[in-house]
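Since the structure comes first, as structure tokens, the remarks are kept for the end.
Labels A, B, C and D are assigned to the chains in the order they are written; within every chain, residues are numbered from 1.
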Amino acid sequence: MYSFNNDYSEGAHPRILQAMMEANLEQNQGYGLDSHCDTARSLIKNAIAMEDVDIHFIPGGTQTNLLAIAAALRPWQAVIATTLGHINVHETGAIEATGHKVIAMPAPDGKLKPQDVEEAVARHTDEHMVQPKMVYISNSTEIGTQYTKAELQALSRVCRQKGLYLFLDGARLSSALTSSVNDLTMAGIASFTDLFYIGGTKAGALMGEALVIVNPSLKEDFRYMIKQRGAMMAKGWLLGIQFETLFQDDLYFQLASHANAMADILRQGIGDLGFSFYSDSQTNQIFPIFSDRLIERLSQSYVFSIQERYDDSHSVIRLVTSWATKEEECHGFVNALKALCP
Amino acid sequence: MYSFNNDYSEGAHPRILQAMMEANLEQNQGYGLDSHCDTARSLIKNAIAMEDVDIHFIPGGTQTNLLAIAAALRPWQAVIATTLGHINVHETGAIEATGHKVIAMPAPDGKLKPQDVEEAVARHTDEHMVQPKMVYISNSTEIGTQYTKAELQALSRVCRQKGLYLFLDGARLSSALTSSVNDLTMAGIASFTDLFYIGGTKAGALMGEALVIVNPSLKEDFRYMIKQRGAMMAKGWLLGIQFETLFQDDLYFQLASHANAMADILRQGIGDLGFSFYSDSQTNQIFPIFSDRLIERLSQSYVFSIQERYDDSHSVIRLVTSWATKEEECHGFVNALKALCP
Amino acid sequence: MYSFNNDYSEGAHPRILQAMMEANLEQNQGYGLDSHCDTARSLIKNAIAMEDVDIHFIPGGTQTNLLAIAAALRPWQAVIATTLGHINVHETGAIEATGHKVIAMPAPDGKLKPQDVEEAVARHTDEHMVQPKMVYISNSTEIGTQYTKAELQALSRVCRQKGLYLFLDGARLSSALTSSVNDLTMAGIASFTDLFYIGGTKAGALMGEALVIVNPSLKEDFRYMIKQRGAMMAKGWLLGIQFETLFQDDLYFQLASHANAMADILRQGIGDLGFSFYSDSQTNQIFPIFSDRLIERLSQSYVFSIQERYDDSHSVIRLVTSWATKEEECHGFVNALKALCP
Amino acid sequence: MYSFNNDYSEGAHPRILQAMMEANLEQNQGYGLDSHCDTARSLIKNAIAMEDVDIHFIPGGTQTNLLAIAAALRPWQAVIATTLGHINVHETGAIEATGHKVIAMPAPDGKLKPQDVEEAVARHTDEHMVQPKMVYISNSTEIGTQYTKAELQALSRVCRQKGLYLFLDGARLSSALTSSVNDLTMAGIASFTDLFYIGGTKAGALMGEALVIVNPSLKEDFRYMIKQRGAMMAKGWLLGIQFETLFQDDLYFQLASHANAMADILRQGIGDLGFSFYSDSQTNQIFPIFSDRLIERLSQSYVFSIQERYDDSHSVIRLVTSWATKEEECHGFVNALKALCP
């Protein structure tokens, strides 16, 4: 059995483990106030070409989302997301548990449009309804699609016009930024958003996300929020070391390029066999549509998840690659598929 | 100017004020533990033909909804409602502010269907998503429609099969139960739901809703919840007196019958002029579709709200009648409309 | 049986009921946007000699406290109160239910001192602890004592030095301001605090508190908060009418003067019989110390509450007077006590 | 500079890192559903001699506390702790942020007594106050003291009598259980409590706590709570591997024994020089009282924290040892101190 179930089935890139080993007996200050975190912050600031930002390392993505959103909003304010948005579906109501409504807008391709934002704002007219104050997007999205520079810029513009914060969930940012169709940079992400995070967990780290707060009004006292929600790691330098390693020698992007190349093999091979896809993904998640019978057969050798039912006899499956995915397994999958096709 | 803006534009029925005057210098125990509340509870138990229920008098509807829902759910559980549901739209995120997600299902006629419940449950499969545990409906609904006995029974059945609580918001229950097409009774409401409330504010009281908890597992310690959220009125007998009055001599239903009769005049008159309606409402809220020009002209003499835009040149308006609506004003509106039609 | 149990055992002053009767069939706008509320706001602005404040009418005291505190604080911030503070003891954790810690400082006389504030601030040094951001006091206090002008001014000064909001719970403000030892005015209260409320429920209204927001930074969007927590009364003019009446012809202060005069009779009579008191209260709540045997005998004719055990054979009781307390009943209590003394 | 600042200044025991390295390229299921977590659960069940418990691995201590408490309590319920309790002081109001009050009882030696519990329960009499429902203790305590078997048993008994859950924070459980004066076992801890956690972060792991839920009524749906609050680690096997390693060959207790032995050297040496201690700690945290001048001098070579001011010229400092503390540094500290003494 080989797993294409997700991009967090293996540990960390060996260079990360190596760095941890080397620092293991150092005595470091706790809670993210150590020199590894400082170095990692400097490297990230270089990567985004922006100095005046606050960077916090948070163990996980759901935590990062809930911290960023709950710290930014006043009690009656809400966040706009797509119906597929990770915060709307797959975080067990983490945002609502902080007291805030998620306003969900349909987005068949996974990408929020400026008119969705305008519509959500237009619908909420007075104090009898929540007050939209933030827009949440993911890049790459939950269905593997990705924002172009023009799309992100347009979203950013409407957010600024409407007085909304724009928050980008970058759990899979590296895959988006290294995809063949990408025209965005890290610096672009930073300039178009009020805050965003650079995913580590799904990009080669053991765990950890780097939250970058660009908008000065969102910076104050953020460490209180981290601590209160249990997200301030005692041995915080473990997160620092990981981002320090990822942002040296472009490792972060190299790992994502590998993941994307592996997805390309799958996408190309599956497409060549005549199958179609649920979304136009050019990143490390692909969503082919297979017959239930085919899915059953593939399941005997491969682990993957069912995204959703497509019709009476077909379903959409999700295949995910990562820094650790083996090329021969991708070819193996395509060959196995070919062998199962009539 | 005459207002059809809502059913809470006037004070209380004179008999209620009279009862308050008479009791004004009594010394009563506070917090709903007085004899007026006790009498009101007895009268309501008679009306629903059920003895073993807990009844709490709460000043307002949003409070009642948030208390009922937040007390029943564990932190990760969610409530299913229609997209039009009062808790989903018009309570400023009151439910989310208690930590719970509202799962909104489209319902063009304002009524939740068993298959909506089944679909919502089916979609939430594991601990990465919220756990649906309650269904919230309004009768009459937010767009004036009402549940039949068969519909409510079917909803009740699916809730019990799926282990969900069924909560009915009865802000306008009296209008529903006295409408010409109704086949439900108070006793039926009580038997099909786990908890529901009998609206006072929109039915002739100064303020106040009677929350009836039928399901024994939801009763314990509910007064703690009321107090904690600021809904335990010091002079609680004021609520008791109002329900005591409403449930004597069927006043509660007489007032609603009047409101419905007034809506009938409007509906009949507007329909006779060839206008159509946004929903098939037989209760005290009606939703005619008028041209924007007509709406502008009517606005010079009448107060009402715009429900939503219908097309480029038409909108849906909402007309609401109450125990206090004057018959001559309803005829006046129809005549005014007639005069404005070519 | 006559009750000295609290100051909310009767309804409202007859002039208030009369005003409600007269306005009963008016069609008013809902949610506190009506002309009665506007007039009441003007009258209160006159009374505090300040124009640039926001005034909201809230049905009850616990609600007012939780709204004021939760709207002012960011998630990790806390409010400082005395251990006896109403929010610390008698609101079922209403403040914690909004997510905020109450930092309780001992205050034997019920009054918070500047050094208590300084100590609380000094103890909370970094992001591993909550951040004190507000001071909550009651005037008169929970044990009937009251702040002098010098005391309130000193508290105000330390709050401003430390960047803390000062919030005054005025559930019994009128009794404090009309007591024989008072040297504060309504205008003084407004000038020393960031926000405070003027109690109605315990001062002759059916229900209602007037929250005055003085600090401009606390004003924005407050109506969203009111609505979200279920405190925006549909028939909001009912609160407006009550404060409109209370602030005409000084009725608000006349009623409190009566309550205080009644307490004076009790205090004088009880003191003359040689009993001592738990606190030096000059307001409408007094706390004599009686033997348990005496308490038992008095309980046969009077309703009152036990504040706390004093020693093995004595307890502190609480006697409360109000606008409705009858003079002959006060004399009657003193005579009954005299008759029970050897 | 050598740091005695805390027990989380270094990484993990080398055997833990080694195990992580070995498993690095395994494909594991996420979210704690892997075989390493299963093995770790079995080993812990052996260690506590109890099969029918639920065990969850949580990244950090504040998270574990807030999850355990918020999942167990209904909205109006509160948890009793000492005033020094970690949840009362050092978690930035994490418990209040979940909506629950911490009822703080003074405990000069850091240990909660049965009479404290009884008093807290006795004080909370009705729905106007929070309802105590859980007792939180730490072993070892925040000031290094530890519960005897008799003490824990007595606390357990009063909790069961009063219907309270007993929750033990074992962030430093291994140090308590290996201290020279201990008479408790892991099995004893499990039998006296409703839930408790076995600390990893301060005991040789990179991060991680093992929450053991003994009381069946607290088990249901706990994974929803973990996910909702952002505490469900994607690569959950990283926690499993660490506890798997710690609970093989008694490594967990060996590491704590080392930490305790290092503290013994410090305690003995400091005591021999005539200094006294703030608490009678026999665990890995000690609290000597030094003059401010001495503290200043020691600070030039050692890192430690100031616990609190003792008098005008003295303070209490905290020295903490761990699995990684070097024996020669302990002797070095004692020698340095000796050299500074006249």
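Here, a residue touches a chain if its C-beta (ideal position, glycine included) is under 8 Å from a C-beta of that chain, and two chains touch if they have at least 3 such contacts.
Quantities reported herein were computed from a predicted structural model and do not represent experimental measurements.
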Centroid comparison with chain B (C-alpha atoms), farthest chain: D
Quick note, more Cb pairs in contact for B-C or A-B? It is B-C
In whole angstrom, how far does the Cα centroid of chain B sit from the Cα centroid of chain C? 34
Rounded to the nearest Å, the gap between Cα centres of chain A and chain C is 51
Round to the nearest whole Å and give the separation of the Cα centres of chain A and chain B. 42
Would you please write down the residue numbers of chain A that are in contact with two or more other chains? 75-76, 91-93, 97-99, 127-128, 130, 224, 227-228, 232
Touching residues (chain side chain C, partner chain A) in the complex: 70-71, 74-76, 98-99, 127-128, 130-131, 221, 223-228, 232
Per the touch rule, the chain A residues reaching chain B in their complex are 75-76, 78, 89-93, 96-102, 104, 127-130
In the complex formed with chain C, which residues of chain B make contact? 2-3, 5-6, 8-12, 14, 17, 20-21, 23-30, 59-66, 91-94, 97, 201-202, 206-207, 224, 227-235, 238, 303, 324
